[in-house]
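Paired with subunit B in one complex and with subunit C in the other, subunit A is shared by the two complexes that follow.
Up next is the complex of A and B:
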């Protein structure tokens, strides 16, 4: 079992007992999400419970690649369980975070953690190699996510971390220079916010699903892990050679940064941040990654925050200060991290309540009474006030903390605001990601056919690459036809069908597009969420450094996976394993109450044309126009209800699911070796025919 | 480091500091391997004539991105397993600290006057003449006294204790890297240097300034780094 630590930690918070699960019993699922889903299936008899029910479990899983030298796959950790965020059903869902927690868990000798039950008082879990202790957390309760980590670090090493530190007080043999890796909640989680996150180090968050609130409901404040062991590698020479091969052929050449932007594995600007770059800073990477996408700055502000966290307040800050960004943007983001608040929910929620202010609905003495002074938006003071209301459920913050979809429902505005699109929540009561389902349909389809905003950027470069060039006044190169050809070659087992990448109005409901969504569901379920290749770096379809622009996806994933595990898995094998995991997930959702009739977008997706804000008003994707491949502008589009229903039928047919209900069929499940799952669905009258 | 040496193993040619400066025309300590001065290294008020290593690792702590890939590669090529506590180079960092104090790179300096070598009672930690004089541990000779781990004057100590195999080990510039198909050591490649995506580590044959950190912690940020918008000074 190279790559695995061979055991999973099982923690019962109710009884305060710990035990172990043999990883071998779940090895067939690969790791990460696959094992997490299988554990959930086995350990939660009643799948129809809610997220805050103490019978709900949370799994925190690594992969065989965690803690190894596989670029962009060493650091990720998959979190699963019934979430607290989605609506109308709190789906069995997932989230995923980077940093070094998963790697450290492996070095301590664990492949994952299963959290069960609910503690009577606040606790934290102290893992030092094989020793696990459930400890009293009353003095940590109330601390923000950063202070919690610093407090535990101090307790673990009074002398700091400038030298070798004994892992245990009584043991001078096991030593490390590394700080314990800590996953914790902030006040938002403690106060059962459905937008509560799990936070690790400064800027790594398990954001979606509301797992922060779920930890709060379990009275679990933090898990700290420190390990001194090593991960066994099946083919060490093969692994170091693969790493150097990827670096040389595909990776960023730091002395000659690539002039183009969207080669995922080796693109020029590794930092994925939307605020102004701080002048005096370093790049920062998760453990084992080839290229850092984060930064740490001399100001100490905004450390390790990227992506939407960095976009949360920068625009407001600039607008308030004459186009010049101040420290407010960084400080507001730091507060998101400290409080443990989901940045997407906070961002889109702020968009929503500002719209309500403009409509004269929300404000002091208005129908929705809110004391926030919106004239101060852009100043840190406003962000602090807003986030504090949310984290501590103060005043109207008690509504906000439920997520703005539920808040709108409380205010009696849900139907109206989803109809108009004022509330930009297209799927499952969750905020839109920036890549609108009316434009980038594979993102929206994947989300509504699953359980959450997928947040999978696999095909997102098909938007960014041409759009970025056009925004800059350049002609996108390579051409749409060439790009589509490169992508299509790698879409095994549906390879060499470029029509899967045609985003024109005529094609977005076709079987070709359904195949793209099927490919996407299966690829991400195994390679990205189970083997845990990072979404920021994988897949690498188009690589501007490589000859003919052909990236390493298809070859890279199995080469790395097999060097670590020795399994001899092909890329196609991984896709099939992803199909199996995806089917198990759908079986769980079916038992939770899913039916195809509820699988539809919010009304505005069908009724309001997609305009796009700012540069997104020029949203380009590849597509055919009169038979010729071009980068076509997709603004102005809305989805057609009837055609989307036809699309769903095509999708279900491709998956081998019941087209009337969307449930998995006995034949499909048995064909995947999931007979026991089929029997359970049959017993509960949720089996497809 | 930098203290008067009472038990130097060998003194080839006592040369005063003044004479040394006169001979070289410079007060710089480092000298190119292969020339006369490679064998004559000034240490405070005396000249030590221990065979100098023919290779050294330089780092740029402002360029490092903290991915620990150097550590992971080190443990991989030496042990066939990957774990930070098995790595002979250590990167220490704090997420919440301000740049550049958020990160420290701790590589073995292959000291010209190696305390770790001197304290080893059985010669397990030795100067390997067959591999460019790199300072390394013969694990078959190590008796587990841990004297070397305590003698290293730097923090964290560059000689580390392998608690699973129960012997000391330290950076050998990959001279003995059985899980890598490359020739290592001062005459070959080093896994940490090869794997670093940003070029924050560099191998050199020139002896670095021995006093302080400046000889080993250098600026490796070139024009490409500037293009990325990061400081190069």
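Up next is the complex of A and C:
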């Protein structure tokens, strides 16, 4: 079992007992999400419970690649369980985060953790290699996510960072210089906010799903892990050779760096930050990663934050301060993390409530009474006041903490604001990502056919190739025809079908597009969420350094996976495993109450043109026009309700699911070796025909 | 078209007010992770700041109309129209329009400070 630590930690918070699960029993699922779904299936008899029910479990899983030298794959950790965020049903869902927690867990000898039950008092879990202790966390309860980590670090090093960390509490001789990796909640989670996150170090958050609130409901404050072991590699030489091969053939060319991020594997550091780069900052990477997409700044503010948490306040800060980025943006982002609040929900929520202010319905003495002084927006004080209301459920913050979809419902505005799009929550009561369902449809389709905003950037380059060039008045390179050819060759098992990448109005409801969505669901379920290849780097379809622009996807994933595990898995095998995991997830959703009739977007996706009709001339994607490939404008598009229903039928047919209900069929499940799952669905009268 | 004239006190006041939801201006900010994110702006300063985003996306005709009709700044709107006709790409339009907006904002700030001193 190379790559695996061979055991999974099972923690019953109710009885305060720990035990182990043999990873071998779940090895067929690969790791990460696959094992997490299988564990959930086995350990939660009633799938129709809610997220805060103590019978709900949370799995925290690594992959065989965690803690190894596989580039862009050694640091992710997958979190699963019934979430608290989505609506109308709190779906079995997922989230994941980077940093060093997953690797440290492997070094401590664990492939993952299963959290069950609910503690009577606040607790934290102290893992030092094989020693696990459930400890009293009453003195940690109430601390923010950063102070919690500091407190645990201090305790474990006997009074500060000057000392080494005790590997074993009872043996003073056993020490390590490593700092424990800690996953924790802040006040938002403690107060059962559905926007509550799990926070690790700084800049790493398991954001979606509301797992912070779930932990709060379990009275679990933190998990600390320190490990001094390693990961057994099946073919160490092969792994080094694979890494050198990837670097030389696909990595960044120092002499001639690609200025864009076309090549997901070889490009420069990702353009993730939304705020202005701080002076005197350096790169920082997750453990084992070759990228360094984060940064640490001498200011001590905003450290390691990238992506959407850096977007939360950057624009407001600049607008308030004459176009200058001040400490307000960095401090607001730091506070999001200290409180453990989902940045995406907070960002979209702020846009929403500000719209309500300007409509005259929210404010002091208004229909929705709110004392926030929006004249101060852009100042740190405003962000602090808003986030404090949410984290501690003070005043109207009690509504906000439920997520802004549920808040809108409380205020009687849900239907109106979803119709107009003022509340931009297109799927499952969750905030919209910029890759809008009306434009880049595979993102929206994947989200509504799943459980959450997929947040998988696999095909976004198709938008970036042309859109920046056309905006700048240049001819896009490479051509649409070339791009779809390269991508299509890699879409195993549907390879060499370029029509899967035709984003024209005529094609977005077709079987070809359904195949793209199926491919995407299966690829991400195994390669990205179970093997845990990072979304920032994988897949690599088109690589400007490589001959003929052919990126390493298809060859790279199994080469690395096999070097670590020695399994001899093909890319196609991985896709099939992804299909199996996706089917198990759909079986769980079916038992939770899913039916195809509830699988639809919010009204504005059908009724309001994206970006206004022709207003913003920049959203281009590959498509065919009169039979010829070009980059086509998709602005102004709305989805058609009836055609989307036809699309769903095509999608269900491809998956082998019941087209009336969307439930998995006995034949499909049995064909995947999931007979027990089929039997349970049959028993619950949720099996497809 | 030459430089922008000093704004009147009325115009300077206008620039710093916050408009209603119906009179908002919208554009998109484009970044790798988030994709094109809708940016809703209620103040002139926010529009100016929007142009400092790394990849702002907007309809320039809409902007001209917003400046003319909502900000009630005919002179600036005329300047924007003139600049747009000369620029070759949206990116270069962004640059010239940003310059005009920043100039106007600076003028209005000065006028506002002057008024404060006089008061």
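The rule is simple: the second predicted complex is superposed on the first by the 659 of 689 C-alpha atoms of A that agree within 3 Å, B and C clash if a C-alpha of one lies under 4 Å from a C-alpha of the other, contacts with A are read in each partner's own complex, and residues count from 1 in each chain.
Definition applied: a contact is a pair of C-beta atoms (placed from the backbone, for glycine too) under 8 Å apart; a residue touches a chain by one contact, two chains touch by 3 or more.
Quick caveat, the model's predicted, so the values are computed rather than measured.
Colleague: After lining both complexes up on subunit A, report clash or fit for subunit B versus subunit C.
Modeller: Fit.
Colleague: What is the contact status of A:288 with respect to subunit B (first) and subunit C (second): first, second, both, or neither?
Modeller: Only subunit B is touched by A:288; subunit C is not.
Colleague: According to the stated criteria, A:135 is in contact with first (subunit B), second (subunit C), both, or neither; which is it?
Modeller: Once the two structures are laid over each other on A, A:135 reaches no partner at all.
Colleague: If you stack the two complexes on chain A, which partner ends up touching A:472: first (subunit B), second (subunit C), both, or neither?
Modeller: Touch status of A:472: second partner only.
Colleague: Tell me the contact category for A:376 with respect to subunit B and subunit C: first, second, both or neither.
Modeller: In the superposition, A:376 contacts neither subunit B nor subunit C.
Colleague: For A:176, is the partner it touches subunit B (first), subunit C (second), both, or none of the two (neither)?
Modeller: first
Colleague: Please indicate which partner A:638 is in contact with in the superposed arrangement: first for subunit B, second for subunit C, both, or neither.
Modeller: In the superposition, A:638 contacts neither subunit B nor subunit C.
Colleague: Is subunit A touched at more residues by subunit B or by subunit C?
Modeller: Larger number of subunit A residues touched: B.
Colleague: Please work out whether A:319 is in contact with subunit B alone, subunit C alone, both, or neither, and reply first, second, both or neither.
Modeller: second
Colleague: Between the centres of subunit B and subunit C, viewed from subunit A's Cα centre, what angle do you get? Round it to the nearest 10 degrees, please.
Modeller: Nearest-10 rounding gives 100 degrees.
Colleague: Shortest C-alpha to C-alpha distance from subunit B to subunit C once the two structures are superposed, in angstrom?
Modeller: In this superposition, no C-alpha atom of subunit B lies closer than 15 Å to one of subunit C.
Colleague: Residue overlap on subunit A between the subunit B contact set and the subunit C contact set?
Modeller: 270
Colleague: Taking the complex as given, what residues does subunit A use to touch subunit B?
Modeller: So the residues of subunit A touching subunit B come out as 67-69, 74, 100, 107, 146, 149-150, 161-164, 173-179, 201-203, 227-233, 236-237, 239-241, 243-244, 247, 251-257, 268-270, 277, 279-292, 296-300, 303-304.
Colleague: Spell out the part of subunit C that touches subunit A in their complex, as residue ranges.
Modeller: Interface residues on subunit C, with respect to subunit A: 18-21, 24, 26-43, 45-46, 48-50, 52-55, 57-59, 62, 88-92, 102, 109.
Colleague: Report the residues of subunit B in contact with subunit A in the complex, numbered from low to high.
Modeller: Result: residues 62-69, 72-73, 75-77, 79-86, 90, 92, 94-100, 102-104, 106, 155-157, 160-161, 163-164, 179-181, 191, 194-195, 197-199, 222-225, 227-231 of subunit B touch subunit A.
Colleague: Considering only the defined contacts, which subunit A positions touch subunit C in the complex?
Modeller: It is residues 261, 270-272, 274, 306-308, 311, 315, 318-320, 322-323, 351, 354-355, 358-360, 424, 433-436, 439-440, 457, 460, 463-464, 467-468, 471-474, 611-612, 615-619 of subunit A that touch subunit C.
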